[in-house]
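Each remark here refers to the structure printed beneath this line.
Think of it as A, B, C and D in the order they're written, each chain with its own count starting at 1.
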């Protein structure tokens, strides 16, 4: 944007062809994200996409930006380190439900309470795709998978109530069957100052034969259309608890922004060392080292 | 209980004198727990207390039962393994806020959604005691500690909303200033079939000079007396969100049972291999091994 | 080697069904009385890319995936491009003539191009796109002179009675391919006898799981990770019937800690993972050493570093296993050399873990864990030795010492639920009772001494573990021009290389093979290597992790090192070539 | 050693204030121109138990905590019981005669019992219970012939101007103790000159933190763990002023991953922990090796295994550092031998990490990290070498290869935010651009070759790292009856033992000291050890982890091994005794 020229959508696309299975929900996430970045006109070199490991976590390779395809479950801390080192960057963490809500759920919770200005996109297919179909933390009770031939006996994680409990300041749910809606949710999340979670219902056409596009289409509805007020915390909890929940009710699944508030300072705002700007731009070495030695004399 | 003789309180006490600082909130937890076990007449040898690392995590040594003083943050998975191996045992996990909500928060969330019949007691002093006073995940925003000389800039974890979001089926808050109440909450939690969380406000008199007994006394109230209905999920969320919360409101802190439901099967109930009883009692080796080889021919 | 063999390869994209077709063929070979060895080359992707499987079979035991194939099935064009030139003289290439071209490819002499409309033919029997593989399979079966009836029986086992129509359609499809070859050149006349005893065809991971079941394993906590995942899958399938709790947990931290909890509570318990997950178990497994809880941890290696090549093999995690945990604690590390040992050593690991009350690590790798191999059978008469238990009597309740200092380092173990033996297991340094030394006693002279005694006690277990495990096996001629040192799964290709060197070059070569890595058997090693004229260590990693262990323990440095770290398994030919180079 | 010295000890329960009183005395010694060395023996408990501090000072540099004290302050009865018998001939014991009894203790000849009502006296100046320590401190100062004015200036620095009343009360309390001794026997007449240049008194951790600041560290992510926590505390105190983000994070997994993220993004970043936390960093640090991100990880060791003895020292985590991560990747491991090197090697670690774009581990231990020592000063003129950056020019944008295969193994590094150099850093095996090999290319012959080249490229960095670091230092006489091999913090006590053996026994002994552990300097080692008559390795662990590394790298096995694993630091006298035993 800096030189006044519009950045074209094409410039967000890399040379690498996505390796996802035809029909995988992650394609819509990729194109939605590219669209959102283009709408916001963020220069590709000022974006870092950080992922973990999983089918979904291959996404950095398909976008033309800086990318860090990290280890399983650690996308969020890696992204946090990047953001703190260079707070001028647009930092997006992305990955799977296993990556983010399974092995990585601890980092997820702590990142939310920090309210770093990071956007976290979870491609939630309720299954472990890359490892060929085991149960994930969002697999519904009873689901038969390679690791649960008798059916899952855990209650699923509800990412939205978890986020509501943990201080995320932008909490949304998208659906790969609604590409347009996805782009909007991403753009709004990236613009939002603070931690944004966008849980995307992104069907795995190969290993999840239950939670398919059709299954979702029969259940999803727009929060906005039903007049949900995203600043109402308890209303957001009630909407989020519609699915999944302990009672295994699964007839209504809201899409859109569950919760947003813009009055909570970000971590970067509060961090004293960043008052002088991003760390990468601050001078190395010590100006007056001898001063530091006084306490040791 | 087996031989009809009442087990005396004394029998739950070990020879080891607690090494906590005089006045530490953890003393009340210890005696409350002993009392609860005695009230329930659970044989000391059928109890396993599993802890992590921290001042609070020394608790197994002060109780006469089986104890597993594990590593930092892993009390809950160790306890889960014990419970699954021998579901006849009364398994209690116990430890600090750092142990359970910091490094261990991932296990905490996943244990709750499993609804194993375990009681988890967190001695929440909003500080890292044993490592001499750094911020903990429940330290309030602005608190000055050894690691945060400019004040904490994270929003604190709210263990109760987290538990409500994660499927725990008994969620309570106690206070070391109310020893009687503690004993009751513990007894009810242990009796409860399913995962019980009891977050105990347990002041650290040495390193937390803010959240003192007095500070709490000015703010706590009884949920029961205010007519809170523990089967009302949204009401529980609203009560839990009173403190801590994003708005840093801190005038009302509810004590008692926030949420309880008894209609969700426990993990042990659902686990097919436990239908024949605890694993420790099932025969070793294979009855008809050759049958297993058929698939390989 | 000169023995008669068949080598078959099939390749396509991920999702094209190479693996299941190859598996069927392997089953057919097994039921035809042959020894089988398979290797699957695949990639970390669900659809697309390029994957292929090699099946090798012979009348005598086969120890590696073999080299160039005689028969290749191409399921897509890249397979033809990459693999067709490798097909042996007078071999055959089966492909769909509608979609694949062999033009311009440099083929060996006499290679038959068996191109026919596989896809079109297949559609007669089913609209499943994978049915064309079955047609090709039928063609291969004819080339190898095997029996269609065996194919039918194999299909029947795979799909079972409930899916009779599927079986029927497949049988018809196979027959069509069979017929095509019958009418177009017939058999390759490899001359293998297809009869005799059907043995077992099983992967290393299945053998590990079976070994665990046989040893009385009751609890498996695992998090999926290639190439360890199939242990969990197989166990989960068989768990309820055998009273085993199989839990996919939230991460590997949970897996090892749950498994240790279960071990502490008195059941035989296990976890399994690959290097990435094992990295996360490092703290937990050290805990097992300190609280003296039995647990078995399977570490199925894949190519690193870091996420590395998730579907490729390597022996690069030995340093990780040797260094896991803080400080010094007694561990045992076993590395099965083959599928049979996957069963036996896993079962043994449970005994060692309980007898010595400490974690035991079983190291395999993708090559061994995922490959199908023939075994003669398993001896399910596995002794179950639970070690010193307080319940067995002889231990007084009133002054029960869970961590009693003994000569063997092993102390009587009480299990929760046992009246009167209450104790605390602690990861802090503790006294014989289990009470903390760290909090008020550390540094006080008499307790400094007790701390030292507790260390000595625990570390003494290594003596027993060494005594109870075997030294390296010297295989091949007593007198050899060079001794090859190997560990774990390298055994097979290495032995074949040795046989080949003997046969083709008249070179006497032997091998010193390790299945029990730690505690290391230094005396036997020194004795064996003293007699060696020349030595070369052969391992699947960059730095020679095992050679370094051997040198650290004995001061002996192998004269040469052949390390492989490109993700591919060893081929006998390259080991033989290296030996020739070194000796030549 | 025969040099004049003062050795002071103070003991009590945790919370009794031994540490701060000892620190004050150490500061007074420093300001009196002496070289100082302190050792604190404490326990993992906040109140109670038994902790004590030893302060040793002399006109010449002191390299260990020393042995028996001349002056002991007992803050409680157990201190008297445990330590009083150790006070040297003609030394003195200061204690509160109202609460402590020395009756029945076997004291050395001529030991003065300086019992007076410390507590009662102290209450005249303040109702702070710890004020009695200050009275005792004053008494000690008089025994050592030091100046009350220096005490006052030390107090003024500790509490600062804002707490003038505290300073005044303490000065008065010290004066009272001083006066009591003045009137009751006066000085011990140790004969040390108390004048001269005031040097710096600093802990290893503070020196590490200072070294990091000097090298331009901008980011520290850490989770508290003894004995690494004080790095974070000190950094946090100084962070905002120096533009450093210091984050206490949720666990050590987060710490290493955040630090790597920050390093990738272009700032010099670091984490610090002890063995338990490092265990959790194992996967993350290997990731750094694969994505080629610079990061410095400080591993301050404590006694294991597992939680072990959190407040006690050991050198038991070398295997952990050597084995961290899956597969083989290039790492550097540095182990400062003393406080001065804590500063210098930490600073150097940042250069190595950036020049070689790989994680560098700095290993200290509780003994070195927490002890106060004298250093002459620090050279803040630390060169800051950022290594090969794409931004420095010479790298074309259009065909930018982040992981370009080069002779050195180092490739030009672009930083996010730099237009035109977009690339992906991946933990899967990747090509020169950073794109995955693992997902559709692995196993295809040409890509198998590229995978190998990528491994070779990364591992070539070890050559550069070896070239850029120093071999072991041979210290002491060229010709020696025995060469002692050591690493890290063992340097001090070991050198003192050598000096003592020379002086007392006329025995020529030298030492081969390692500060740069990995990549190992094998050639220099072999050369040095070839000249050694006899060798003994001296390290603070059970199995001789470093000796094993040395043997693995050179084939040379030290003739003897002296390992200490009781949690206590080495004492020069025990090393000397061991040498005498071995040589005798």
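In the analysis below, a residue touches a chain if its C-beta (ideal position, glycine included) is under 8 Å from a C-beta of that chain, and two chains touch if they have at least 3 such contacts.
Everything numeric in this text was worked out from a predicted model, so none of it was measured.
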B-D or A-D - the one linked by more C-beta pairs in contact: A-D
Label of the chain whose CA centroid is most distant from the centroid of subunit A: D
Rounded Å distance between subunit A and subunit D, as computed from the means of their C-alpha atoms: 41
Distance between the centres, which are taken as Cα means, of subunit D and subunit C, whole angstrom: 43
Averaged-CA centre spacing for the pair subunit C and subunit A, given as whole angstrom: 37
Residues of subunit A engaged with two or more neighbouring chains: 19, 53, 71, 102-103, 105-106, 110, 137, 150, 271-272
Interface hub residues of subunit C, defined as touching at least two other chains: 44-45, 48-49, 240, 246, 250-251, 253, 276, 283, 287, 291, 306-307, 426-428, 436, 439-440
Interfacial residue positions of subunit B with respect to subunit A in the complex: 102-106, 109-110, 113-115, 137, 150, 153-158, 161-162, 164-167, 169, 233-234, 237-238, 241, 246, 261, 264, 267, 270-272
Contacting residues of subunit C [partner subunit D, same complex]: 41-45, 48-52, 82, 253, 274-276, 278-280, 282-283, 286-287, 289-291, 301, 303-312, 314, 316-317, 319-329, 426-429, 436-445, 448-449, 451-452, 455, 458-459, 541-543, 545, 548-549, 551-553, 555-557, 565-568
Contacting residues of subunit A [partner subunit C, same complex]: 19-22, 53, 55, 71-73, 102-103, 105, 128-132, 134-135, 137, 146-150, 206
Complex interface listing, subunit A residues touching subunit D: 16, 19, 43-46, 48, 50, 53, 58, 60-61, 64-71, 74, 77-82, 84-86, 88-89, 106-107, 110, 271-276, 279-280, 282-286, 289-290, 292-293, 295-297
Interface residues, subunit D side, partner subunit A - complex: 30-31, 157, 198-202, 206, 210, 213-216, 218-219, 221, 238-240, 242-247, 249-251, 253-254, 257-269, 283-284, 287, 291, 377-378, 380, 382, 384, 415-428, 434-436, 439-440
